[in-house]
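Read from first to last, the chains carry the letters A, B, C and D; within each, the first residue is number 1.
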Amino acid sequence: MTKKISVIAWNENVHEQEMQVVRDIYPQGIHGCLAGLLNEEKDILAETATLQEPEHGLSQSRLDNCDVLLWWGHAAHAQVSDEVVARVYERVLQGMGLIVLHSGHFSKIFRRMMGTSCALQWREADEKEVIWTVNPGHPIAKGIPAHFILENEEMYGEPFVVPEANETVFMGWFAGGNVFRSGLVYNRGAGRIFYFQPGHETHPTYHQPVIRKVLVNAVRYVAPRHSSAAWKNVEDAPNGAPIIPIPGYVHKTEQGLR
Amino acid sequence: MTKKISVIAWNENVHEQEMQVVRDIYPQGIHGCLAGLLNEEKDILAETATLQEPEHGLSQSRLDNCDVLLWWGHAAHAQVSDEVVARVYERVLQGMGLIVLHSGHFSKIFRRMMGTSCALQWREADEKEVIWTVNPGHPIAKGIPAHFILENEEMYGEPFVVPEANETVFMGWFAGGNVFRSGLVYNRGAGRIFYFQPGHETHPTYHQPVIRKVLVNAVRYVAPRHSSAAWKNVEDAPNGAPIIPIPGYVHKTEQGLR
Amino acid sequence: MTKKISVIAWNENVHEQEMQVVRDIYPQGIHGCLAGLLNEEKDILAETATLQEPEHGLSQSRLDNCDVLLWWGHAAHAQVSDEVVARVYERVLQGMGLIVLHSGHFSKIFRRMMGTSCALQWREADEKEVIWTVNPGHPIAKGIPAHFILENEEMYGEPFVVPEANETVFMGWFAGGNVFRSGLVYNRGAGRIFYFQPGHETHPTYHQPVIRKVLVNAVRYVAPRHSSAAWKNVEDAPNGAPIIPIPGYVHKTEQGLR
Amino acid sequence: MTKKISVIAWNENVHEQEMQVVRDIYPQGIHGCLAGLLNEEKDILAETATLQEPEHGLSQSRLDNCDVLLWWGHAAHAQVSDEVVARVYERVLQGMGLIVLHSGHFSKIFRRMMGTSCALQWREADEKEVIWTVNPGHPIAKGIPAHFILENEEMYGEPFVVPEANETVFMGWFAGGNVFRSGLVYNRGAGRIFYFQPGHETHPTYHQPVIRKVLVNAVRYVAPRHSSAAWKNVEDAPNGAPIIPIPGYVHKTEQGLR
């Protein structure tokens, strides 16, 4: 039997505490909704983690056994501990997949992995969004139509301050005149990162079948094919012995980080 | 009269204090050597800055007037203040050019802008390096031969844990059997970054005419064409008004970072 | 005195012969309009060429002296000779800049340089387009506002079947619900290519000041910084002598293309 | 039961006819060797095709059922019919994987998909090559050591005139002082392309276990995850109906390629 893809759906879980409208849409929290939809798939085993848990639910051992981490945050980015961020960052470089959702664009982890501000324009006008599938042959677009409509979403608009993506999968159109690169794939070390724009907390976005299918596809796509620690020493700088002999050179023992 | 390109050559300036061999090669320090070679050009005005100065010589006002920053560091990466790193990072996103030299691959600023560990293999064997010009038509390769040789360099070898480059300009061959992506260009926000591998402190690398020419070319290439603050608000996330009217929507005043 | 940037504005010049509305907008032809607006700049010297001229006005000697070629075509792509296309292709790899306009997306030369079909969706509905500046710090965006509006343009929509761009400068929003990557930069060999979407023949697009400014910026950006033949032998595969001696190896004379 | 990956190993099959040394190494031809090693895997079903067969063994129906095509050519690139090349090109854009081996860098199909000359330096000196795994976490590097050695290979050296790769997996070091980007991944349309440098006809390269493992990994990596025709209409330019109503606009019937 093939091992299932091990997923953690992380959520800051703040709006759920403070806003009835969010509780109404996501009675189990956004994290619960995400884990639930993923657990409908036979090849995925998803659990949840939230800001409020010890170590935000992201202990080293839990992350070491995680293949794909989903990240939803908005109001409490600053409360995420730098130590946990460093841990997630290292795991992504080692091969763990990372899916950053909606307002997670401003999370510490996404900003760190991008090396840019990840700024964008935004507007809460409950306006219509049309999402276009830019690459219909991409694994994340499997079964997704040429375009689909979200009747009410928060507008996210360009300029989106991120590096050029490795793969552009979706682009968004907003009724108020804005455009956005809505689905982007990045390779960083051995890890793959997928940013996906929809998912404002006051709209039932993650209940839309097409959105759910994108998330399932994305989990499968960013899941590591080797192992989730394919590049275990990705932060080491070894003192490398010569492959071709160098006359007179005596190799010293490994000195670790210089 | 055209304004000159305003450059700061930054150096941690530690080996120069501790090792006679480095002082013999670089009596003015590596920073002094770099500024000196750039000041031989009519269109460049270079000054120096070092770790030991207040704010490491990189006050906000000085950075605000800087077009291109060169960075040489090795033994003292950890001593660079996070506040100064954040300042340099913001200026790069705004449009300031950044040239990271040799062991600067492990500097806080380069790691931050890359979003990866920037790890690599290394070996101090005074071995021969052959550097190949991968893109002879690139502006940084202007006047540079198809290949050139450094008789003694520290080996830097793959895997080099960086994102795929926007432009690969040079690649290095080492006698001991290693290869390296030696000259890479990255775009981040409005800024351009050039990483250039040669420059171990115990070898007279920055006295080589071909290396000096690469540095001059690189300064001209990463220098901003608009202004060094072409994207002044690159870290802001404005609440954007609709371009196309949305019935019933009343735009609130700017709320800054959410 | 600095040498001016030598530009050829190429146009198939077919709609101008057949449609009064196009003649009314562009009495000198689209090529005449493009050359005219570029010649308002002190550092640019632009001439025209059309399909109907011998060798389509693109003789080897003319191309050899050209820094930047603009390409407008639509109805007569198939009539462009393969020999001329091969000539332009070689010159781009050598370092000549290429700016492909609007329906030029389906030209032989653009398809050849992209390696993809360059297909897209389209609609002639005279609808409003909002163009967003995705990278306000890019040289092609110098002096261009955060967004600008074309009251009537042909819709070009995703999916646009091109490789991921080296630099994304503009993105377009259309009233009918479509989005498009409207301004893209590609590096190919020593040459730079800029694709720019606006410019349907029945709209006065190239009379818009903001569009004209983009074109001027683009000419300056894709113009070669070395020379227009910086990589003269970009199609050769030389039999390379060893840099490091190989015992027993006798290098034969150059054998050219294998 | 999961469907196997359907592979065609294509070879021009010319050296095998002309050189005893090649027949000695590859009694079944290079194509036979490639198909044989792939057929050792339970999830792959490989067949062969050669230049000499009708339509070079690449009829439309055969290609329509092919998931991954391997391409080995050298002496007879010019004899490959343009019609077959166009057929392969379309299938790659639709989603079929393509693996281009060694001297296939100069094949019509690779040059067409790259949009560049694909030139490089070469030398037949039977020299040692060290291949470095640049991205140990990449699926194509699964089970491949940090570096491996080929005692005798033809030298292929930079500059390699190709676009920047989507993913750099391997880089090569040659005893004579050259370096090369030896394993590169490109996305084109819905298809993935892997170029892999080793494989000179007079060396038993494809008998090396590590090389065989790379090829197996590569087949799995470039194999389509949807279907091999995930983007069936990748060359069409449809007249797109508005998603958002445009007052007064009457949509005409589809007009196909303009």
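Convention: a contact is a pair of C-beta atoms (placed from the backbone, for glycine too) under 8 Å apart; a residue touches a chain by one contact, two chains touch by 3 or more.
For clarity, every value in this text was computed on a predicted model and none was experimentally measured.
Asks: With one step meaning two chains touch, work out the least steps from chain B to chain D.
Replies: Each step joins two touching chains, and the minimum needed here is 1.
Asks: Which chains contact both chain C and chain D?
Replies: Touches both chain C and chain D: A, B.
Asks: Specify the chain most distant from chain C by Cα centroid.
Replies: A
Asks: Round to the nearest whole Å and give the separation of the Cα centres of chain A and chain B.
Replies: 29
Asks: Which integer distance in Å separates the CA centroid of chain A from that of chain C?
Replies: 36
Asks: Return the distance between the CA-based centres of chain B and chain C, expressed in whole Å.
Replies: 31
Asks: Going by the touch rule set out above, which residues of chain A reach two or more other chains?
Replies: 130, 135-136, 147, 157, 164, 166-167, 173, 175, 177-178, 187, 189, 234, 243-244
Asks: Could you list, by residue number, the parts of chain B that touch chain D in their complex?
Replies: Residues 130, 132-136, 146-147, 157-160, 164-168, 171-174, 177-179, 181 of chain B touch chain D in their complex.
Asks: For the complex, which residues does chain B have touching chain C?
Replies: Chain B reaches chain C through residues 94-95, 128, 130, 135-139, 142, 147, 149, 166-167, 173, 175, 187, 189-191, 221, 224-226, 230-231, 234, 243-244.
Asks: Quick one: in the complex, what on chain B touches chain A?
Replies: Against chain A, chain B makes touches at 74, 93, 103, 106, 112-117, 119-123, 125, 127, 155, 157, 161, 163-164, 166, 175-178, 186-189, 233-246, 249, 251, 257-258.
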